[in-house]
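Just so it is clear, A, B, C and D label the chains in written order, and each chain counts residues from 1 on its own.
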Amino acid sequence: MSLKERVANILKNDLLEITESKGDVCVEISRQTLVNALKRLKEEGGFDFLSDLLGIDNSDLYAKPKKKKKKTEDGTEQEQEEKGPPPPRFEVVYLLLSLSTNERLQVRVRVPEDDLELPSVTSLWRSANWPERETFDMFGIRFNGHPNMRRLLMWDEFQDYPLRKDYPLEGKGEERHLNYNIA
Amino acid sequence: MADWQIELIKVVFIWAWALIIAVVMTWVERRASAMMQDRLGPNRAGPFGLLQPLADGIKLFTKEDIIPERARKILFVLGPPLFALPAFSAYAVIPFGDKIVIGGKEIILQVSDVNIGFLFILALSAIAVYGLVIGGWASNSKYSILGGLRATAQLISYEVPMGLALLTIVLLDGTFSLREIVLQQQGTFLGFLPNWGFFKQPLGFIIFLVAAYAEANRVPFDLPECESELVTGYHTEYGSMRLGLYLFGEYVNLVTLSAITVCLFFGGWSLPYVDMSKFLGPVSYGIASFFVFFFKQAFFLFLFVWVRWTVPRFRYDQLMGLGWKALIPLGLVNLFITALLVQLTT
Amino acid sequence: MKFQAIHGEGWLLTKAEQLINWGRSRSPWPFPYGTACCGIELMCALASGYDMARFGAERVAFTPRQCDVLIEAGTITKKMVPVLKRIYAQMAEPKWVIAVGACACSGGVFRTYSTAQGIGSIIPVDVYIPGCPPRPEGILYALLKLIDKIEADHPLYKQRSKVVEALEAAK
Amino acid sequence: MAKEIETVCITTGPTEVGDYVTLNIGPIHPAMHGTLRVITKTDGETIISAKPEIGYLHRGVEKLGENLTYSQFLPITDRLNYCSAICNNVAYEMAVEKLLGIEVPPKAQLIRMIMMELARIADHEVCVGILGVDLGALTPFFYLIIQREEIYEIFEWHHGARLTNSMGAIGGVEADLPDRFHEKWPRMRDSIRKANDDTDKLLTHNRIWMDRTVGVNAFCGDDALNWGFTGPMLRACGVKRDLRKNEPYLLYDKVDFDIPAGKHGDVFDRYMVRMLEMEQSVKIIDQAYAMYKELPEDAPLMKKVPKILRPPAGQIYHAIESPNGELGFFIRSDGSDKPYRIKIRPPCYMVYQAFDDLVKGEMISDLIACLSSLNVIAGELDR
């Protein structure tokens, strides 16, 4: 049984889409069933190790002009996206690993821009602690149930979310000031 | 020359000498550590970098003197001298040579032969602790206060085994005067060994040496100023010459401690098996005894450096454990056995 | 005669100045503010192969009160800027700063939202070393340049800058 | 301890209130290696909680990656884990090669292996040396550093840089092994072993060293996996997991080596795992070099790749075993010449987030020992 089939068997109805690129299998599941599905993947599928967790801002991808489509050989993904309505702006990818079979699986969840919330998976893997904070820091996606949802890399007073595509590379001129209350 | 003049010369000489050794020690430490680590060490100031301590001194003297705003100013100022001075004062009772006869006048090479010289040294080393504690506390910095706390606990704990080890020597020689102790260590023991405290009290020597390292705040016991944990511990907030006094006091301490070691356990100025006074003139004998003492002392000074660059550092609770669970019981047993032997043999 | 000494031509004060400069230049204790890659090269410069201790830069002090030269090696991010300012403010006069590496000089390759573009705009810098990272020889050369600068200093009287004099003359 | 002494230091974030002293360690502190910062609550010398605070070296590398082409990003990867830049280079190159679907010629693979293992040795040497320095033993650090200069020498011969190597290119390596490698390597093997022996003699059986390290911050394997530990940290906990064996890349499946593993996951085991891994790396280089010598002199070093890379759309994740553990690159391509999203999975990021768990209840000195045994490199931690 291949990895794809096994994952499909475990996820059953929760599975929205399954893709493969260069041998990396990526499954998409919905926000509502995220924790449950990941739990089943962990316990039944043997994906017991969370390598990493990351956010992606898709706004540029969908807003891209179509002229490049001809150049790419397998532009299947782009063609698909043209058919339906544009998907939500953000997505979060969970990189899972099975320690027994050494297989890797990517799980992605779409997060719409108007409701930037996801359930936290820190109860399943404690290693999700900082990556979730970083995703909040960089994209503004909040994780419900996270023990300490604060900014991780940028300073606390920082306003923006730097890894969003509409944030300029060189920033908006923010400076950090600290007021020492030396009385 | 009047007696007071001779005394004055001795005082000035011995203070200057202790100063010079301490200054040279800073250079030796740097160069010796460099030698052990495949480096060269400072070699730009003067020949072989010998003037390096002078350069450091000039720099420290001309640096801005900062007293942190929230520090206890008086205590902050008081800390460094309180640490450095007792170490100097202890040198007053150390016999750094036998005697020298100039113009028919016999001069004892010791500033003052106090009959309780021993207790004097212990008392002074207890005062030196206050220098660290006050400095650490007055700085109003958390690292400093931790360093000060560690210093208090460590120095007070290690005073006890040190005292116990020293008492065995007192028991054996029956005197508190350092000069008397040295005089009693001449000749041989069991027929072939030098009559040194080291051979009569090997366990006592080891306990004393460990306690001395702890007293001097050197690796492996440099917890009060633990570079990697407490930044620089009790003198984190000190700069300019106040820092210089702390650093310098540490080296003076080393000089004093190694001098005590030589006096108590290695026969002071006397050479084993050889009586120098028989074939040397009165003046040359005095000078020779002085140098014998110095070379023995230099060996222990080098040992301090050697150990420092070889071993890692203890943890706070391990340090306390070593002091209270190992050294003090050992010291007590050692003292008891010595007392028993002394009682039986006399 | 009295004022001659103070104005830099007197024998006594110039000799004293030379002595002070000699001491200061022979013992520049570094504060290794190594934040990134350059910190590793700074470590090499301090260790056996290159041995910065030869020039007296031996006692590596991590407390700003006890050091003379702030060797800022590595990127300074905007989050770090207040810390750097504070460390510099805590150092005792006279103090010098060496900026090691492209990041410390100008931000280097990291022209991004979170990186301060060089420390020159944050604290005064005496010697800049380019390179990403510079070799340990570069760091030693910078130290020698700094020593030259220290030796040309006038610690006993304030040298009034030509600009100020010109301004006063214009009044 | 008295009530909380008002903090002179800078503190941010929520703080627990209690009869404890807040001790701010870092970001500039001798044991924090640059930019790490831990805000601890201590009861005397015992640590109640230790909250790491990171981001003091956040340089926006991932954002930068989205604005540079695939080849331009290669030099940026040097600045991640600057102790072993080559591993980062190779990890990135291999991720892009996976995205492009090309395989590198065997000679290039062997050269990459040799250089990576040298980088691994260099990294472990720094880690062990610094661990010694932080525990008060300065001398081993100098022995290891002077040896490390020789490794740098080889790096310089090969690709011209000491620290930020930017070795290789996407599709292979640009240069053959240096001519004098066959003379240099046997001598260097001896010097590596000598430096290791000297360190071993000074530390391993030293009673004080054992007191300071054995049983300190012991961590169990299950917890370690849950926290996402990889590399020497995980192996010290007794889990024999090494990507070189478990998911072989390059030609690691053709060389014979062991995975050293500890039992208790304490500082001593971490130190021993690193020391033993250096031995294994020497073994791997020997075998890889023997394989390299069997190849013809004019064997290709580079796969032909276009000047401007435009990988097909898709997203991949590729990980290698860097000296600190699993170093992965997640790249999403949209078919253009710049990656759409690039995410680096740094190994010490996962380790450092468990810091509170690791040091709770230990003493301040153990915190220092623990931190240096984790080998947290700020460059890859904050990116």
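Basically, a contact is a pair of C-beta atoms (placed from the backbone, for glycine too) under 8 Å apart; a residue touches a chain by one contact, two chains touch by 3 or more.
These numbers come from a predicted model, not from an experiment.
Farthest chain from chain D, judged by C-alpha centroids: B.
With centres defined as mean CA coordinates, chain D is found 32 Å away from chain C. Inter-chain spacing, taken between the CA centroids of chain A and chain D, is 25 Å. Rounded to whole angstrom units, the spacing between the C-alpha centres of chain A and chain B is 64. Distance between chain centres (mean CA atoms), chain A to chain C: 46 Å. Within chain B, the positions touching two or more other chains are listed as 37-39, 227, 231. Within chain D, contacts with two or more other chains are made by residues 10, 29-30, 55, 58, 60, 63-64, 142, 146, 382. Chain contacts: chain A has residues 153-155, 162, 167, 169, 178, 180 touching two or more partner chains. Applying the touch criterion to all chain pairs gives A-C, A-D, B-C, B-D, C-D.
Of all the residues in chain D, the ones that touch chain C in their complex are 10, 27-30, 33-35, 55-61, 63-64, 75-76, 78-79, 82-83, 126, 141-142, 145-146, 148-149, 162-164, 378-379, 382. Those residues of chain A that touch chain D in the shared complex are 21-24, 26, 48-52, 54, 56-57, 60-61, 64, 68, 71-75, 77-78, 93, 95, 99, 102, 104, 106, 125-127, 129-131, 138, 148, 150-156, 162-163, 167, 169, 178, 180.
Interface residues of chain D facing chain B in the complex, by the touch rule stated above, are 5, 8-9, 21, 23-24, 29-31, 45, 132-139, 142-143, 146, 202-203, 206, 208-209, 211-212, 363-366, 368.
On chain B, the positions that touch chain D within their shared complex are 33, 36-39, 70, 140-143, 146, 219-220, 222, 226-231, 309-318.
Chain contact summary for the complex, chain B toward chain C: residues 30, 34, 37-45, 49, 51-52, 54-59, 62-66, 227, 231-232, 235-240, 243.
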